[in-house]
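You will see subunit A twice below: alongside subunit B first, and alongside subunit C after that.
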Partner chain A sequence: MNTTADSEVRERAVRKDTPGAARGPRRPGRLRRSALPYILLLPALLLELLIHLVPIALGIAMSFKELTQFHLRDWGSAPWSGLDNFEVAVDFDAPVGQALLTSFFTTCLFTVLSVGLCWLLGTAAAVCMQESFKGRGVLRALFLVPYALPVYAAVITWAFMFQRDNGLINHVLHDQLGLTDSPSFWLIGDNSFWALLIVSVWKGWPFAFLIVMAGLQNIPKELYEAAALDGAGVWQQIRRITLPSLRSVNQVLVLVLFLWTFNDFNTPFVLFGKAAPEAANLISIHIYQSSFATWNFGTGSAMSVLLLAFLLLVTAVHLVATSRGRKVSDV
Partner chain B sequence: MSSTTTHRPRTRRSPMAAPRSFVWTRRVFLTLLTGFVLLPVYVMVSSSLKPLEDVSGEFRWIPNGLTIRPYFDIWETVPLAKYFVNSLIVAGAATLCSVVIAVFAAYAVSRYRFRGRRLFTVSVLSTQMFPGILFLLPLFLIFVNIGNTTGVALFGSRGGLILTYLTFSLPFSIWMLIGYFDSVPRELDEAALVDGCGPVKALFRVVVPAAVPGIVAVAVYAFMTAWGEVLFASVMTNDTTRTLAVGLQGYSTQNDVYWNQIMAASLVVSVPVVAGFLLLQRYLVTGLTAGAVK
Partner chain C sequence: MRGFRAVASGAVAVSLLATATACGGGSSTGGSNESPKTLTYWASNQGPNIEADKKILEPELRKFEERTGIKVKLEVVPWSDLLNRIMTATTSGQGPDVLNIGNTWSASLQSTGALLPWDEKNLEKIGGRDRFVEAALASTGAPGSDPAAIPLYSMSYALYYNKKMFADAGVEKPPATWDELVATGRKLSKDGKWALGAEGSNLSNNIHQVFVLGKQHGADFFDASGKPDFTSDGAVAAVKQYVDFMATDKIIAPGNAEYAQNQSLSDFAKDKTAMVLWQAAASTFKSQGMADDEWGVAPVPVQAGAPGQGKSLNSMVAGINMAVFKNTKNLDGALEFVKFMTSDEEQKLLCRTYGSIPPVKAAQSDPAFDRPELKVLRDTLATSAAPLPQVPNESQFETVVGTAVKNLFAAAAGGEPVTTGSVKAELAKAQQQMPQQ
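Our next item is the complex of A and B:
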């Protein structure tokens, strides 16, 4: 809060001092200065409009149209269908609605597990590496490799490892450890959920690690010194100082991880191809599949709009919950 | 907030010696984690050096015989060089534009108080939650329509992909740079303004040089976003503009899956990003510390 007030004061000071008119002889300084922020924002604004906001608005409009392949060439003239698309999407007794519901629950479970594990691994690793030790720099770089690798290169390697006949996973589990009677399928059937989860965690935890590591650097070390003087051990310091200090970082981190994981398309798409097995049929893939397989983009758009509404709701609840928590903890 | 400065000594935990239980837990945990992280990397490297019959048969930890054939074959099986060039052009251009645009936008938000400032930051950030699948088709239709009415080919062209990717990385880049610019003392650009620099000149002479780590971090992020994207690349490119993300699927034909070549190609396409990332990761951590995490 202070900063905003501060900067406004400074802002005024800048305005008073700036000999803006001297540099821009054609336009009066005041006008130029007040228009300047908008001019600076213009490229970003235009792009956000073209690539994000207009398509979203259009997508929402499309969800109210009967948009099958007959109307796709001239989608503007497709007949309005009111809430028909939504009724199809949420009719949970019919196959379409049922499939959507199943996919939604799969995605929820997947997201909770993946975000939880990513956060846990990332935080644990960052806390372990807070103190300097030999080889820490190398290890840190190494841990960031999954984050740096292009998604398709990394996920295709996992797909190879999960192959039934020539993959590493079955070689270890079946041939070397003898845990399974016969080599199992990992990329089809129920196992595919776990395969997807492992890949997702492998790829996602370094981001949590990175953010938590950055967050740890803002904890004043005096806190630890004081705690050590009071006789707090390492475990207590982690519990009493490190984790509470990371609170606000974690709130943002978990929300971002949640949104990315829930919307993730790339990982299942590269791992399974266009048609994901039912056990790992994440919502993005499901919508993509039901739009392009049936060429019914109206229903597909309705499903996407429902997805967006759900994400908005979760984000709103999260923001309200965390801001309330913050007030309480600040007082 | 005031404690956030660009370069500060890393926080160390207590001077008190850590107990053995903690040291051992840490050692075991970090070793296991290293194994988990490195496993696919090992598979990628070792399998890329195996002959095709070895990768088609049972997996072996230690390769029977090594060959560098796959590294020559990958360029023949699919036009990998062409995809590579396409990816470089698309990711390079998207990164450059994204960074420049984000620098302008973040400077405006960080240094000026204007109407709609908060609305802008909130709406830009909220685009992060839009599911890609929701605007894939509308964007496709918009690009086709722009092409039909103005003759500017966005669909199927590199230009359309560049526009799309640079917008994908914009929100996070702007957000991170706002935080970073906020940590650059205002006195610096105020001094430049007093000396008669225009605001834009002050930005490039003073603020940008002071925010290099943040800008590098944003560039790395933008490049990685563009280099790794699959969904839009698979819908919006054609044979001549195909990028690596889609091109790599060409190694599995109906009869054979050239796993050794897939691994070799994956390694080759990963090297530029991973090398660049590891060289610049220090900046990313500093950039995040000052920018995103406060």
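Our next item is the complex of A and C:
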């Protein structure tokens, strides 16, 4: 104890003796000092520009071009087509637009269900695991496995399990439990939506679990103790303390889950291949098919730009709504 | 120090930027001979797996290197990636020098302008047009234009049947017409066993089957000017006939609707499916543990009579072509390599290994190609096969019509009725997805 106090005093004395010693004798000029953060940010900014913004800009440019196989080799030479691609994409009376709209609604429904279930499962698991008990660490690690597995390996395993004749799912549901009259198809037809949802939730909920678990660490124990003394039950504690305290964490979590799920390409692609069944035709797969299957990259890009606009809009609305909420709660 | 770090990291970023920009854009316009000592070759997956292909091809590439001093870097590209890889290479200009393509893509890829046209001068360098079988040459690009690729391996479809299952059901000979196939099929389809296999979720396979049935119904899927014509009576009848094997005739197991990974061949080898319509299946049967005398082979059935031209066609011209990327940096070497791969010696060796038919006339004389299976495939190719439509939109056609057939199989498997109306509606939807030109 003594030695610590001594060293603290000594340290303070040293600091007093040499003011500005830490900054060194060559004090940089004001301009240089203010430019430094930007110089440090520059590499990151340049890479960001290169990796994210340049492709986005190229994609937007492509959406105004009639880019087909005939111009693929030198796509700069493809003729400009104005808003034609967009007109095709949003003409909801014509088949291309209709298909896009159906795919959009399918994706919305899928995203709402998937994000909702991921959040519910993740939060429930995190709350249950808050109290320490034997084996908690092992369970926590186990729960994170789906998140840690490479997507392709995980989803291809699900694809095997969902096979009609030799899959594990039908073996259990039909052969062992006898719940269905005949083995069901999971990878084609209407059930494919549920197959996709199951895989998506399985893959996504550990992330919600991880984030909520981190959020829970920040809630002071005293709050629960005080509530318990006041006679609040478990449900009341969750409703009145846990959920309100997690609010800011949840806002970010739901937004991120929404963006990931809405854009998810890997899961449906690995599960269904190039041609997803209509019931599970998510918008990312639909756009892939619209550009790579028909080699019409202009229309595909136009659809992507529309998707980008929609996601930006949702994000903006979300940010405005949540920041307004924060201001009110600050007051 | 800090200043130095900032400068250094800035420099790294800028150099990264410069490298990346250098990667983009392929502006090179024609072949050159800048790097005459190396070649990159993308081979398609012809053997049981990619490793097997490497083992088969690498000794040949070493032979080529010993003769010419040109080192060939080999990459075997899986079929699921090949077309996308070629498209990406076309866009970026960073492609291989020589590559294999599915022969049905020839016209599509020709229209991108990425492949070297085989004019008389280039053809002369590999021994001239006359060395190749005419049917195989018909599937190398749009009619009337210089070929975009050279035939490398040829194949055609045949009806493979499981001898044990035929004997158990008292079937004496393979069916020669579709009516006979359905009648035979009804005898075979019972007790968890089925008569015919299908790969309902494999888009290309669906196309190959309905194309032939289409020809038998007098339909072409494209009109004379190259415009899609998917909803003609013949086309609708063809697709309906194929899906009806599952929906109405009940001789294809419903589970086949989701097959896309050659599961029907394993069913065949396990005595669960008695017949498959396939091209050069011998090596796959062998790898599934089936002896050569356990299966038989016959021409694909026709509507009536014997196979021949016109409405009695019973196969597409299947096969692999070899193409040269137009902006190769080793043009002479690439031509030399194609000459090597299509030489009589290599053709005999490679086609024997892969169980395909050499598209080079002189190589066909090898006794190895007189096996009963290859004789059926060779006769079919010579007398009753036609190339898939050689139009720029062929690969789009495979995707959209292949998907339509997949959807119809899914409906049939789910117990929904498949009617002329529902087939026509599905084909109309497919046609509307074709790019307008």
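Keep in mind that, in the parts below, the second predicted complex is superposed on the first by the 297 of 331 C-alpha atoms of A that agree within 3 Å, B and C clash if a C-alpha of one lies under 4 Å from a C-alpha of the other, contacts with A are read in each partner's own complex, and residues count from 1 in each chain.
To be clear about the criterion, a residue touches a chain if its C-beta (ideal position, glycine included) is under 8 Å from a C-beta of that chain, and two chains touch if they have at least 3 such contacts.
All figures in this text were calculated on a predicted structure; none of them were measured in a lab.
> Regarding the shared-chain residue A:36, is it in contact with subunit B (first), subunit C (second), both, or neither?
Both: A:36 reaches subunit B and subunit C.
> With both complexes superposed on chain A, which partner does A:47 reach: first (subunit B), second (subunit C), both or neither?
A:47: touches subunit B and subunit C.
> Tell me which partner A:295 touches in the superposition: subunit B (first), subunit C (second), both or neither.
The second partner, subunit C, only.
> Which partner does A:230 reach: the first (subunit B), the second (subunit C), both, or neither?
In the superposition, A:230 contacts neither subunit B nor subunit C.
> Per the contact definition in the header, classify A:164: touching subunit B only (first), subunit C only (second), both, or neither.
It touches subunit C, and subunit B stays clear.
> Touch check for A:59: first (subunit B), second (subunit C), both, or neither?
first
> As a test of reading the superposition: which chain, subunit B or subunit C, is in touch with more residues of subunit A?
Looking at subunit A, the partner in contact with more of its residues is B.
> Which of the two partners, first being subunit B and second being subunit C, lies in contact with A:215: first, second, both, or neither?
first
> Hey, what residues of subunit A end up touching subunit B and subunit C alike?
Touching subunit B and subunit C on subunit A: residues 36, 40, 43, 47, 50, 75, 163, 165.
> Sort out for me which residues of subunit A touch subunit B in the complex.
Touching subunit B from subunit A are residues 2-3, 7-8, 10-11, 13-14, 17-20, 22-24, 33-34, 36-38, 40-41, 43-45, 47-48, 50-56, 58-59, 62, 75, 121, 124-125, 128-132, 139-154, 156-158, 160-161, 163, 165-168, 170-171, 175, 202, 210-211, 213-221, 224-225, 227-228, 233-235, 237, 249, 252, 256, 259, 263, 265-266, 269-270, 283-284, 287-288, 291, 297, 300-301, 304-305, 307-308, 311-312, 315.
> With touch defined as at the start, can you tell me which subunit B residues reach subunit A in the complex?
1, 3-4, 8, 10-16, 18-19, 22, 26, 29-30, 33-34, 36-41, 43-44, 47, 55-60, 101-102, 104-105, 107-109, 111-114, 117, 120, 123-124, 126-139, 141-142, 163-164, 166-168, 170-171, 174, 182, 186, 190, 193-194, 196-199, 224, 227-231, 234, 244-245, 248, 259, 262-263, 266-267, 269-270, 273-274, 277-278, 281, 284-285, 288-289, 292-294
> So in the complex, which bits of subunit C are touching subunit A?
Per the touch definition, subunit C meets subunit A at residues 2, 6, 9-10, 12-14, 16-17, 20, 26-27, 84, 87, 90-91, 93, 108, 111-114, 200-201, 203, 253-255, 257-258, 260, 392, 395-396, 399-400, 402-403, 406-407, 409-411, 413-414, 429, 432-435.
> Sort out for me which residues of subunit A touch subunit C in the complex.
For this pair, the touching residues of subunit A are 36, 39-40, 42-43, 46-47, 50, 68-70, 72-75, 94-96, 99, 163-165, 183, 185, 187-190, 273-275, 277-278, 289, 292-296.
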